[in-house]
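Some structures to go through are shown next.
In what comes next, subunit A is part of two complexes: it sits with subunit B in the first one and with subunit C in the second one.
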Partner chain A sequence: MRKSLRFRIGFPLLVLAIILPMLFPFVWMLLSAFKTQVDIISWPPKFFFSPTLLNFRKVISEQNFMLYLKNSSIVAFCAVAFSLALGLPAAYSIARFQQKKLSVLILIARLMPGISFLMPWYIIFSRLGLMDSYIALILSHMLIALPVVVWVMSAYFESIPREMEESAMVDGATLQRAFMTIIIPLSVPGVVTATTLSFIFSWNNFMFSQVLSMQKTRTLPIAVYNFMSYAEVDWGGVMAAAVAIMAPAIILTMVFQKYVVKGLTMGAVKG
Partner chain B sequence: MIKSGFFERNLRYIFPLPALIFVLLLMVFPVGYTLFISFTDWTLTSGRPLKVVGLESYLTVLKEPRFLDALGRTFAFTFGAVVAESILGTTIALVLNREFRGKNALKFILLLPLVATPVAIGIVWNLFYDPTIGFLNYVLSVLGLPQSGWVTASATVLPSLVIVDIWQWTPMIALIVLAGLAGLSTEPYESAKVDGASSVQTLVHITLPLLAPTILTAIILRAIDALKTYDIIYAMTQGGPGYASETLNILAYKFSFEYFNLGQASAILVFLFFVVLLFSLGVMQLRKRFEQ
Partner chain C sequence: MKRILVVLLIASLCLSVFAQGAAEAPAKPQEIRVLLANHPYGELLKAAIPEFEASTGIKVNVESLQESQLTQKLTTEFATNSSTVDVFMTRPLQEGLLFIKNGWYAPLDKYDFTDYPGASVDIGRKDGKAFIVPLVIEWQVLYYRKDLFAQAGLKVPTTLAELENAAKVLTKDGIAGFGSRGKGAAAVTQFSSYLYNFGGLYLDKNVAVFDTPAAIEALRYYGRMLGTYGPQGIVSMSWENLMPVFQAGKLAMWTDASVFLGQIVDPTKTQIPAANVGVTSLPAGPKGDSPFIVTSWGMGMSAKSQNADAAMKFLNWATSKELAIKGMLTNIPMARNSAWKDATVQKGMNPELIATQAHAAKNGYPLDRPFMSAVGQARDLIGEVIIEAINTKGTSTKLQALATEKVNAVNELLKKDGEYGGK
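Take a look at the complex of A and B:
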């Protein structure tokens, strides 16, 4: 294909016009994370400065960062694992037995504002003495992860021909055995998509943890937010914390880029 | 078939059962509970037992100026953000819809705002917007323009939050439309070429109509989330200054967890749910018409 000179110059410029505004906030966050408070509040803003690791040290040592990291990891891992355990068979039965009611219920959950679950949970979990417990947090985060698993996986299972498990069952395998040994291994790409997306959404969740967690189980987004609400904002420290909290989600996205794109766009394109 | 026990025969009910129980206990029951509370005068602060008061909470909320303001703001925020995101996102997708080196890297950059923690994004933008040390006021001063209070001034706070939402979610529309473009059949384009259609004509008469269902679905998904935006707004302004950026979701949060006025908070949530529901149904109707 021949390309005109105007295209060869114009196109890269257009791409640059898309990239720069997308990327700049991240660049600014990274730069600020390595600045001293003096460099951050200097006017005009500095692009060149001598970098410091002080902010990161401060975040790790002063802010109980390791505890929050542990809490965020426990909650996200468990919420995703349990959601897969509940969601995979459910998605399979939606795909194979046309159980539309469950998928409609989950769709409605997608429409509801999170607080309409959160307020009753707050009352119930307080009565049960489960405030500030991992159980309450994991259950609430499953509400984020389970719809993702069911949504992604029911579409994926539908794309697998029925002959796969039928031939296994002719050979004498039970359906649940065919599901475990034939269908699940065939569905690894879908499971990767569902796992990555639901992990990221749980990791990033702010609202549920804000209400249901306190000192003991506080997760990273709350910690980062609290970091900000001091009288005088320690911008360098906050930016270092922001970098640290975003890093896992961004690394996951880098590794599983194809799957993340697929998961984010599938609902709209398919139907 | 070979012998099949109880488990095998009822697999279609057993498989979805755990998920169903979870959904009933943690989704359906709480929503029903919220609906019930909305018909009571329950507050956690007064200590008296709750009384069923029918529609009183709804009427009180409807007369509350903060509610009406928040309702208008929620619409303004959603409308501004979603319109800009659809136009920008579709444009970006059309620009990127060709093979070029670095396309994957570019897609990765588009994913960044979507996967980054919203609270952290809000904080980064707060530094950007800071009236005294923020980068954006520096840019304004370089351009010789008057400086802005951004999220710290009531007049500019909502547009400033809309800008953050546009920055964060335009890539979502772009990626969806890109995926939609990849799935279009090449046939209409070939006949258009034979007929000597210009590229603008092809875009207006072929590409956009074919993409309309995809774009509309993207708009539904986006608008549902925009109506419920919470993290970014709470992290950046907590609904302030004053009440200037209080949307329905923020208002419901404050009524629930700051004032513990559960009856009225529930009424607000029921309103918000109906707004989301009516909107979704409306756009789906529109989409059906496009598909015919």
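Take a look at the complex of A and C:
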């Protein structure tokens, strides 16, 4: 199919017009992370400058970055893992047994502003002596991750024909076994999508960590604020910290994305 | 029904597991939790805490947070009545009144306040009891470019009329002659000194009065100055926007709090040589010469502290004269009177800055904002009037009506909180 000249010129321009506003802040952040404070504030803005690693050195050495990275990883991985363990069977049940009310209930938990949970949580966790513990953070982050898993997966499970597990059960498998050995492997692309989304939401969460964590379990998004002090903002440090925080999430998404595509094409070939 | 029961059973089992974890960690008697702000003095304390631990045997669990996070965290912890905080840094003008009213600070009957300016202690006082130890002060100053003044053959302004004339002369070649905060609520504190110098006030005996002829004149002056000689987009600029403009050499004069001097002369942060930066007292107005001088940070003790003795020891140490002098030597202006009289301090500090402090301490007014519980909402309301003044370069015909409308709204807020009038 030959495309018209207008399309061939217009389409890339349109794409550029759409991605440029989205990319610009990101590029700005990346550039600023390698600038000194003087270069950051210079006007007109400098696009050519001698890059410095000073900001990153500050992030890693002065700010206990490795501890925050460890905390964020533990919380996000556990929250996602537990959410999958609970959410996959729940989503399957919702999809197969038409439990619409249940799914709406779960959605409400997600729609409610997170801050309304904070006060009761704070009371409960502090009475249980769980402040500054991973358990409190993981549980609170599951509130973000679980509904994502359930909602993405229940739609996905619905798209899998019922005959799949029925034929397995004819061969003598229990429903649980059919779910584990037939349905889950078929749903890998969906699981990966749900995992990626819930991981990113948990990774970026600020509010829950701010109130429920203390010095030992503080997560990365809070650490960015360490570069803002009274009447002083270290923009270079903020930008470098933001880059360092985004990097793992971006790398993970890129790795997972491959699986999503692979899973989709595999399904297509097998029909 | 059965399934629900199973779920409940599992949930209760899980809870008991967690509860066990709680029982394993009994509170040690000599351990306190301290919340500090991301502030140079907070950093100084954090570095010195090991000495305190070694000499007293009290273990200090310290956390430092950015100031708005600190307020939010303290509010959450105190409001849920399950806080484990013992000692914390606090902003008397921002949250002091609310915290005092809610009984969140412990009264400091045994603390020795004789070394502090009376006005700074009175801010944190209710019914004769003091609740906040003043820590760090700030006051309004005029930063200016000595090189530009010399080129134009100008004298450093000492009155607001001279300030306006200087701004007119210096606005050229892409350099704005004058800057000060223009962003609504953020501008309220920096506009306050202008208001006082024109003979106005935000609140007089807990009644809003910023619509008097004097206040309107101050608003018109501030609006005319910023609207005519200010940098572009001034109505959305606070200190974090104005400082880079000054550091980049695009601003000739800037009035703001005294805390910024260190950053605008630091060669790793600024493009103008330190020798070209001057600092002087805010010029006098037609009716007054009272820049604000406020206690920006204080320290308080939680009323719910489980370790009041250890907490009091920490408070005494953290606000001690020795540490205050240490703070002064790292350019943190401390509230203690004696810290300013120390010989090493006087030698080490910028003499121009010392002169502005002496002037402000003598003539200044101890508030930079309406002092009330709903200070945030009141700042938003006043901010709208300031923005209207700037947008019209001070010529707005609606200014008086708008100010009166906001005065009424602020009075409503005062009445709602039971703070209107009296005293």
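What we mean here is this: the second predicted complex is superposed on the first by the 234 of 271 C-alpha atoms of A that agree within 3 Å, B and C clash if a C-alpha of one lies under 4 Å from a C-alpha of the other, contacts with A are read in each partner's own complex, and residues count from 1 in each chain.
We adopt the following convention: a contact is a pair of C-beta atoms (placed from the backbone, for glycine too) under 8 Å apart; a residue touches a chain by one contact, two chains touch by 3 or more.
Since we're looking at a predicted model, the values are computed, not measured.
Participant: Looking at the superposed three-chain arrangement on subunit A, would you call subunit B and subunit C a clash or a fit?
Facilitator: By the criteria stated at the top, subunit C and subunit B clash after superposition.
Participant: Classify the contacts of A:122 with the two partner chains as first (subunit B alone), second (subunit C alone), both, or neither.
Facilitator: Once the two structures are laid over each other on A, A:122 reaches both partners.
Participant: When the two structures are overlaid on chain A, which partner does A:60 contact: first (subunit B), second (subunit C), both, or neither?
Facilitator: neither
Participant: Looking at the overlay, what does A:184 touch: subunit B (first), subunit C (second), both, or neither?
Facilitator: After superposition on chain A, A:184 lies in contact with neither partner.
Participant: Have a look and say if subunit B or subunit C is in touch with more residues of subunit A.
Facilitator: B
Participant: For A:114 in the superposed arrangement: first (subunit B), second (subunit C), both or neither?
Facilitator: first
Participant: Could you tell me if A:211 is touching subunit B, subunit C, both of them or neither one (first, second, both, neither)?
Facilitator: The answer is both, since A:211 touches subunit B and subunit C.
Participant: So, does A:41 touch the first partner subunit B, the second partner subunit C, both, or neither?
Facilitator: Touch partners of A:41: subunit B and subunit C.
Participant: Quick check for you: in the superposed arrangement, does A:225 touch first (subunit B), second (subunit C), both or neither?
Facilitator: Once the two structures are laid over each other on A, A:225 reaches both partners.
Participant: For A:203 in the superposed arrangement: first (subunit B), second (subunit C), both or neither?
Facilitator: first
Participant: With both structures aligned on chain A, tell me which stretch of subunit B collides with subunit C: 150-158, 204-212, 222-230 or 276-284.
Facilitator: 150-158
Participant: Return the residues of subunit A at which the contacts from subunit B and from subunit C coincide.
Facilitator: Residues 40-43, 118-119, 122-123, 211, 225, 228 of subunit A touch both subunit B and subunit C.
Participant: Could you please specify the touching residues of subunit A with respect to subunit B in the complex?
Facilitator: 11, 14-15, 18-19, 21-23, 25-26, 28-29, 32, 40-45, 85-87, 89-90, 92-94, 96-97, 99, 102, 105-106, 109-124, 139-140, 142-143, 146, 150, 169, 172, 174-176, 200, 203-204, 206-207, 211, 220-221, 224-225, 228, 235, 238-239, 241-242, 245-246, 249-250, 252-254, 257, 260-261, 264-265, 267-269, 271
Participant: Could you list, by residue number, the parts of subunit B that touch subunit A in their complex?
Facilitator: Per the touch definition, subunit B meets subunit A at residues 1-2, 4, 7-8, 11-12, 15-16, 18-20, 22-23, 26-31, 33-34, 37, 92, 95-96, 100, 104, 106-121, 123-128, 132-133, 135, 138, 167, 171-172, 175-176, 178-180, 183, 214, 217-218, 221, 224, 228, 230-231, 234-235, 248-249, 252-253, 256-257, 262, 265-266, 269-270, 272-273, 276-277, 280.
Participant: So in the complex, the part of subunit C that touches subunit A is made up of which residues?
Facilitator: These residues of subunit C touch subunit A: 15, 18-19, 21-23, 25, 37-40, 42, 61-67, 69, 72-73, 76-77, 79-84, 239-240, 244-245, 247-248, 250, 257, 259-260, 263, 268-271, 296-297.
Participant: Which residues of subunit A touch subunit C once you look at their complex with the stated criterion?
Facilitator: Contact set of subunit A toward subunit C: 36-38, 40-43, 118-119, 122-123, 126-131, 133, 135, 210-211, 214-215, 222, 225-226, 228-233.
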